[in-house]
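See the structures that follow.
In what comes next, subunit A is part of two complexes: it sits with subunit B in the first one and with subunit C in the second one.
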Partner chain A sequence: MNPERWQRLLDDATAISGVRGAIVVSAEDGLVVHEAAVEGLETSDVAALASVVVRRAESIATASGDSQVRLCTLTAENGTVIAAQGEHGLWLVAVTEPDVELGRLRLMLGVLAPALG
Partner chain B sequence: MRVLEPWLAEPLGELVRESSARLALVMTSSGQVVGQHGFTRSLDVMAAAALGAGILATTGELARLVGSSSDFGAVVHHGAQQGVWLAGFDTPRGRWVALVVFGRNSTVGLVRMFFQRFAASVREVAPVPVPDREVLAEGFERELDASLRALFGGG
Partner chain C sequence: MSDHSSPQQSPSFLDLGERLRQRGQLEAALSVAQAGATRYPTFAAVHDLIGRILADQGDDEGARSAWLATLECDATHPGALKGLAFLAFRRRDFGDAERYLEAAAAASPRDTSILTALDRVRSMRPANAPEAINIEDPVAGLLLLDNQGLRLAGGLGSGQDEQMADAAAATAAGAAREAERAARLLGLGAWQHLMIEGDSMRTALLPVAPQAMLLLRRPPTAPVGRLLAFASRAVQAARTWLGNS
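Let's look at the complex of A and B:
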């Protein structure tokens, strides 16, 4: 685990137009591990709530016979939250504006998240 | 859930509900219980309150020893099946302490978040403190009984 590498990964994620911030979250305890976020984003709240969503999604996946959740996407009126699974219980979470390039971001998070470990 | 004063019920209920807490205890920094959720025996509440207040006092002293300008914000004990969140917060009635026990369906981050909202809510809705009344021996036992009935029910 390397905070410098995390910072580079988060910089890559936040470089995409429309991304308000990106956070490395520990799903086990819902805490921020590392963050690169713009002003005005309550990263600790995002981490706490994102961890609940991820854990619920994992429960659903387990119940439906699919044991792994790789990516969770929550789309709301004012933006999107995407969480991508990394190693060691870490998740890469991005919070975006509504007009983000969602396809590109999903693809990028899917590539970046496994490098968190 | 039992509370000593009705205005505490809503914030405490929200904390318990939103953080999926198993047990919750709100007390003054001296260990006097003002609200609780999930405890069924008064002895358990009194022991938890005394231990919680003691732990927070101990860590506060530890913070002082290591040169911290204020006490630690919160103390978290994380077990395999459940965790304990213990934190002090300022209210118009003085410094209070919250103890939250949570299981694997919750997280430290979630409890932390809703604890912060709870503390802000208590600060907002807590009535202005009234001047201390003189405690008279003949009224003390009656008031203590009334407090225990409010917290645990029964006659």
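Let's look at the complex of A and C:
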């Protein structure tokens, strides 16, 4: 658990054009662990809602006989919430504008999230 | 009490049946294999052998049934998935062939023969030929459900039975409600899809109508962009299906 390292990870994620902000979330209780550059968003809301969606996604995977969820992406007309699984129940969550470089972001989060622990 | 539905070791009848098949003595091979299936009805390998024998005999429908029986015993049996891909290829259904090979590749990622076959099937498909959409096919990996979590049509794909499809539908409806709520409360507008990615599968959940949604399931080798493009077409097909039902 290293807040300085989390900050560097979040800075990398928010450096991508179209990313409004990024937070480290404890998925089990939906709490914000660390945050960066979240414009116009209540980070506590993002954490709570993202963790609920992640848990629901995990339920679908379990019911379908699939392995654990690594990446969960909720796309809506005005933006995207993308969550990547890290260690110790932590998830790296980013909220984006609709025109974000999603391909680059999902790859980056997939690489960064395992380093959360 | 011992369980006789599946043998502890690879039984001799399996080797004998395979040798007879390779020698072209297909009737004898089938007789041996069917006797084995009677004794060990949940032994995947014997159903796979029956599938190969029937395919050699040109009985594609029988082979398909045998390979589906194989997947009921072992949902990720690569031989059965390759066999079903072969049958699809033989009837020039390259989309279906690709789907089965993708599932086989996910089950056996180091089997280069599967990856080679996958490349070949992809190259055979005309550049603009879209993958066929059959909402009612339980092995197509398209599951249509209502907003109460009840399955309307389709299934989770090869090797996943109706009970699993019902369980997935029951959980997917709740996930759709939370996705809608999260998007709305975060000011992101209407939700368009929820993509779930794991080591063994990629799954997309999409709204189809106020009372229905679609769950699309593909192997992890399926490119995300193509999966979403297909999902968009599948939603249109699902709306048509709902209109006709």
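Going forward, the second predicted complex is superposed on the first by the 116 of 117 C-alpha atoms of A that agree within 3 Å, B and C clash if a C-alpha of one lies under 4 Å from a C-alpha of the other, contacts with A are read in each partner's own complex, and residues count from 1 in each chain.
Quick note on the criterion: contacts are C-beta pairs under 8 Å (C-beta built on N, C-alpha and C of every residue); 3 or more make two chains touch, one makes a residue touch a chain.
On a predicted model such as this, the values are computed, not experimentally measured, just so you know.
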Fit-or-clash call for subunit B and subunit C when the two complexes are aligned on subunit A: fit
Name the contact category of A:V52: first (subunit B only), second (subunit C only), both, or neither. both
Now for A:A115: first (subunit B), second (subunit C), both, or neither, which partner does it touch? neither
Could you work out the angle between subunit B and subunit C as seen from subunit A, using CA centres and rounding to the nearest 10 degrees? 110
Figure out whether A:I16 sits in contact with subunit B (first) or subunit C (second), or with both, or with neither. neither
Under the stated touch criterion, which partner chain does A:S44 make contact with: subunit B (first), subunit C (second), both, or neither? first
Which partner chains sit in contact with A:G30 here, subunit B, subunit C, both or neither? Use first/second/both/neither. first
Tell me which partner touches more residues of subunit A in the superposed arrangement, subunit B or subunit C. C
On the overlay, how many Å separate the closest CA atoms of subunit B and subunit C? 9
Hey, what residues of subunit A end up touching subunit B and subunit C alike? 45, 49, 52
In the complex of these two chains, what residues of subunit B are touching subunit A? 78, 106-110, 112-113
Residues of subunit A touching subunit B in their complex? 27-32, 44-45, 47-49, 51-52, 55
Quick one: in the complex, what on subunit C touches subunit A? 75, 156, 160, 164, 167-168, 170-172, 174-175, 178-179, 181-183, 185-201, 203, 205, 215, 217, 224-225
Sort out for me which residues of subunit A touch subunit C in the complex. 41, 45-46, 49-50, 52-53, 56-57, 59-81, 95, 103, 106
